[in-house]
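Two complexes come next, and they have one chain in common, chain A, joined by chain B in the first and chain C in the second.
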Partner chain A sequence: MPNRSFFWFFLPAGLAMILFIGLPIISTGIQSFYAQHDQILVKVKKCDPFGCKVSVVVDQEATSKIKGEKPLGKFNGFGTYVDRNHLATNQVSEFWGESKSIGEFVNKVGNLPFYKALVFTLTYCVIVTPCVLLLGFIIALSLNAVSRKIRGPLIFGTILPMIVTPLVGSLVLFWMIDAEGIIGANLQIMMNDPYLSVKSSKSLTWITIIIYGIWHHSPFAFVVFYAALQTVPQEPLEASIIDGASRFQRVKHIVLPHIYPVVTFVALISLMDNFRVFEPIIGFSAEGSAQSLSWLIYDNLVNEEVILFGSAAATSIMTIIGISIILAPVLIRTWREFRTNR
Partner chain B sequence: MDYGLDKKSNSLKTFNTLFIVIWLLIACFPFIWTFWGSFKVRADFFSRADWWYAITAFNTLIETGVRFTTEAYSGAWFEGEFWKASRNTIIVTISVVSISLFLGTLGAYALSRSTKNYAFWILIIALIFRAMPHITLVSGYLFPFFQLQIWGILPTTIVVLVAINQPFTLWLLYSFFKTVPKELDESALIDGCSYFQTFRHIIMPVMWPGVITAGLFSLMLAYNDFTVTALLLNQENHTMVPKIQSYLGTNQHEGNLMWAVSSVVSATAPLFLLVMFFQRQIISGLTAGAVKG
Partner chain C sequence: MKKILIALSFLLFGTYANADCNIKSGSINILANDFPALRTLVETAKECKGSADFKVTHSAEHNKIAVPALTANPSEFSVRVAANSSIVPLMNADLIRPMNDLVKKYGKGIQDSQLITIDGKVMAVAFMANTQHLYVRTDVLKENGISTPKTYEDVVAASEKIRAAGKMKYPYAAAYKAGWNLAEEFVNMYIGHGGEFFKAGTAKPNVNNAKGVATLNMLKKLADLSNPDYLTHDSEAIKVEWEAGNVAIMTLWASRSGTLLDDEGDAKITAATKLVAPATVGGGNIPAATLWWDGFTLAKNRSDADAEASFRAMAHAASSKEMVAKASDQAVWLVEGFVPGPKSVGVIEAVKMGAKPYPMLPQMGLMHGALGSEIVEFLQGNESAEQALKDVEAAYMTKAKEQGFL
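Right, the complex of A and B next:
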């Protein structure tokens, strides 16, 4: 296709992506260097019959004037990045100096908001992604062994957790595991602990969200693996059966190598999706004990008093850096393939 | 995999069936339970005394006189103005699907027919854009949108959702267009069609399955979105998902939690029906990118 026609065909889609994905990333980058204005304080001397008092009040007029002149806020450089709510460089070096052991240091750093969220996000990714791959693969294998006639409804049932939005999915589960819901109440009876509640314990909350993640993402892995299984060639399988290969050996040496490219694809997609985890935290009302990077941004943006654009933008930029690190190996590989193909 | 040679032992068959039954129970039971519970009163579905009440409808019988009550539904739809939210969802969904299919088919067709380097790079950039967490994009939107005073209204959200949806739509349709042989458009071009005429009269008619799949995914994205709609729309224009969340937030109302339950069911039901009818397309879409590499 000549460049000219390509340009006109691609223009609308390209424009939409540049305007609403490319520019916002740049806008986030710029915002991250600014912080909201300080309120301008004035000393007011008030005198009444009992004497004079000097009090400090906010000069509303001047504050709103400076906000009108510079709506972006004051320039802060990398100030937002290193403050207590983000990388907290000062605190970290302080902790490094005063902590007696590595464990204590890690513990203290892990309580800073940004690192806390980072730890949760990474834990979630690292646990959920392999479990999703494994469970999806097992479901695909076992559904593949079922008679073709009843597969349709079974597949429909299997993909239900995936098609609902994460907020709805997590709410549906949350209502069941709630202390007043069916699973929560039965757990209390089983554990013989009338005060057992998933909400009150940090580790239980983490486990719940991780289980939710596996429940929600496995169907996706299943669908892709299931389709890939349909393309596995039959001859080598039959040959291996004649040669006396066990079921496990067949899966390991014939099926898995065949679907290997698909495994990396699923792993990449679920890693990307897991890294942005945030709706389940709202659905499970788990803000208290589990926070993710995306949740921190959301929290800044829905702040009641003043929206913390700068703070949200700084976290966003660091999230984008995190995503790039995850994507880098894939991009490098694709680029190499592209060069050798040429 | 029905291999003639592959004899399965009975114990393996039993184990397999058992596994599938357990998995389906895990996958589907939460929805069935919520559907059942949405016809009860709060004291039953969130029973402090005994969860068995949710099945026997003990309190529902006392409070309303019947075992199945639609109180939660009427409360959410009328008093809670869920009808407004679902109207907004319909507007957003239809607009997003039609606009993003229009942009996506044009763009993906161009990408699939170009042999230049830049087509490859555009696809790679689209992949990077696909990986961006939506909330980071939203944090980029809010400030300029406030300044331009286009925050809170439906058209802004529609355009944003279309844009966010583009990378995935492009990739999906690209892999579909690749399967249409190039000879088809070459012969049309030789016969004197312009590129657009070829696209419109030769390629589109054979592309319907791919377009339907891409449309379904745009629909699910627009319908399910929480991040963008919750932060870019004002209260008045909220779509269904942020509306459900708003029922959770305010706990003064006894009815609110049940409103959330019933609206979750109301919002999920159309989606399930849709998937039931278009299951084949959705699965072919999910695997299109993967199996073909």
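Right, the complex of A and C next:
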């Protein structure tokens, strides 16, 4: 496609991206550098059905005047980024000084909200992504090998986890692992521990969410791999069979190299998706044991009665940076290949 | 406190509220939490919608919608049914309007004790009171020779006895879901211990002390007597546990008693369920509970005509003697003419015992949020009480700084 026609072809999508993704990201970035103005509190008499007392409220007149002058709030620079609820630079260096061992230091840092969320997010990403790729590939290979007659229903059954709404899917599992649900109760009997609770144990909750993640994302990898498998040329495969290659050798030396670009694509998308893990935490009511970066943003925006825009914006920007760092190796590699191919 | 006793028990024949409040114009759009008493109230308000446009949203997620929806201009809702905690963010952001004029003009049936005034400005009109108190299964207690618990120490002893008798595995229940619910239980228990959340006259946190530790230890003892999934249980979940007959003693909202004691479910359990006073804790004499009011507020970013129409409809409901007579078991109404029934015991006892209202401070929401997430690790046994409280204070201070309170 000549550059000119590509430009016109891309224009509508590009405009929409700037409007709905680019500008909001810039606005988020700007907001992350601001904090609220100092609250001006005044003492007033408050009366309710339970009696009167003197207490404080926000002075609206004074506040609206300041807000009129500086609607964004007080410039805070990187203040929000480095405070305790985010990168916590002061706390981390303090812990470094007072900790006697690396283990103690890691423990203390892991107790800070941002790092706690980061650890879960990365664990989820690192375990779920390869499992999804592997499982998706195995399913695609095996389905590609079964008779065409039953392939249709089998494919439908396989992509069901992706069709089911994430929240519904996680709720179903949530009820199954309840202390009185089918999995939870059986675990109690098997472990001979009537107080065993999958939901209140941190490690079991993590395992549940990770298993759910693999279950939910594998169909996506499967669908893409299955489509790619259809394009594998038959001649080299037949030739290799004549040469006496085993099934494993055929997959390793012919199929995989052929669908390699697709594997990269699926890996990229899965990494991005998994880094933003969110729904299962809500679905499993797992806020107590597992927090992700996306959940922190959600928490700042809705869980408090006071909305923390600055905090949410800072976490969002750091999530974007995190995704870029994770994707960087894959992107650089793709870029290099693209250059050598030209 | 005196006022509410008067409001609750006085039966005075005042002027009959004008039911024919035929509203000619304006549009009314209500945002409210979702429980039976509020549905009744809104239905009553609808009676006099006349030719006005009338819409309502009942949602358990009302807290998440309210501030953004009322910030818009014109705002989505003209009325927000709020409580003492949820009115604070609205006032902090200047989203609701004073209604002194409207009260004077149309609020004939509303009693003075129903008015929430800030510096003389009427910011809300309350219509019901609420608190969390104990529910007990009389049959189970009797079987095990236990008298009605008066303190949380009694609750622990009774629950341990029931568990030891092999009657129930998890005899106690309370809404300990991580987040808002768990923080609310901490607030109750901390107030029961006589704690103050902030250093006097400042927004500096004050929970990392002996009272805070005692509070956490009591919560942990109770949690150990609850279903092990307690960190995922909200009010609705423990209500289901109760109806399934798994629980003998429970701390729950008074406003939930309506659906708990309806005809659905096991009649034997319903018959044996008794509502009693909230418990005290740690030798204190005020209950480990907070008093709440539910009332309506009017959005600032709406036309005066809409505010007027909304006020007239809501005032009709908030002063309707017919409604409180018909729905007397749904809530403890603050409306004139309400006769307390057996389901009002919890709230009335709480008031008599001198329970404190939930602190209506601008920075309380931040404290509540910090509590909800930072004390979880203590309950899971991963952290000491002191460390958890230190984390609460640190998390709160960071947020309070960002919001300009410190």
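Rule of thumb we're sticking to: the second predicted complex is superposed on the first by the 274 of 342 C-alpha atoms of A that agree within 3 Å, B and C clash if a C-alpha of one lies under 4 Å from a C-alpha of the other, contacts with A are read in each partner's own complex, and residues count from 1 in each chain.
In this text, contacts are C-beta pairs under 8 Å (C-beta built on N, C-alpha and C of every residue); 3 or more make two chains touch, one makes a residue touch a chain.
Since the model is a prediction, treat every value here as computed from it, not as a measurement.
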item: First (chain B), second (chain C), both or neither touched by A:Arg333; value: neither
item: Partner chain(s) touched by A:Leu173 [first = chain B, second = chain C, both, neither]; value: first
item: A:His253 touches, of chain B and chain C: first, second, both or neither?; value: neither
item: Contacts of A:Lys45 with chain B and chain C, given as first, second, both or neither; value: second
item: Touched partner set for A:Val306, first chain B, second chain C, both or neither; value: second
item: First, second, both or neither for A:Lys74, with chain B first and chain C second; value: second
item: Contacts of A:Lys65 with chain B and chain C, given as first, second, both or neither; value: neither
item: Winner by number of chain A residues touched, once chain B and chain C are compared; value: B
item: Residues of chain A contacting chain B in one complex and chain C in the other; value: 178, 285, 302, 307
item: Complex contact set, residues of chain C against chain A; value: 1-4, 7, 63-64, 67-68, 84-86, 88-89, 91-92, 94, 113-120, 126, 129, 169, 177-180, 203, 227-232, 291, 293, 334, 351, 357, 360-363, 365-366, 368-369, 372-373, 376-377, 380, 382-383, 387, 391, 394-395, 397-399, 401-405
item: Residue ranges of chain A touching chain B (in the complex, touch as defined); value: 1, 3, 5-6, 9-10, 12-14, 16-17, 19-28, 31, 71-72, 138-139, 142-146, 152, 154-161, 163-168, 171-173, 175-176, 178, 180-182, 185-186, 215, 219-220, 223-224, 226-229, 231-232, 234, 237-238, 241-242, 247, 261-262, 265-266, 272, 275-276, 278-279, 282, 285, 293-294, 297-298, 300-302, 307, 309, 312-313, 315-317, 319-320, 323-324, 326-327, 331, 334-335, 338
item: Chain C contact footprint on chain A (complex, rising order); value: 35-39, 41, 44-51, 55-58, 60, 63-64, 74, 76, 80, 83-85, 91, 111, 113, 174, 178-179, 184, 194-197, 199-202, 284-289, 291, 299, 302-308, 310-311
item: Chain A-facing residues of chain B, complex; value: 1, 3-6, 8, 12, 16-17, 19-20, 23-24, 26-28, 30-31, 33-34, 37, 45-48, 50-51, 54, 102-104, 106-111, 113-116, 119-120, 122, 124-144, 147, 159-160, 162-164, 166-167, 170, 195-196, 199, 220, 223-227, 231, 241, 244-245, 248, 260-261, 264, 267-268, 271-272, 275-276, 279, 282-284, 286-287, 289-291, 293
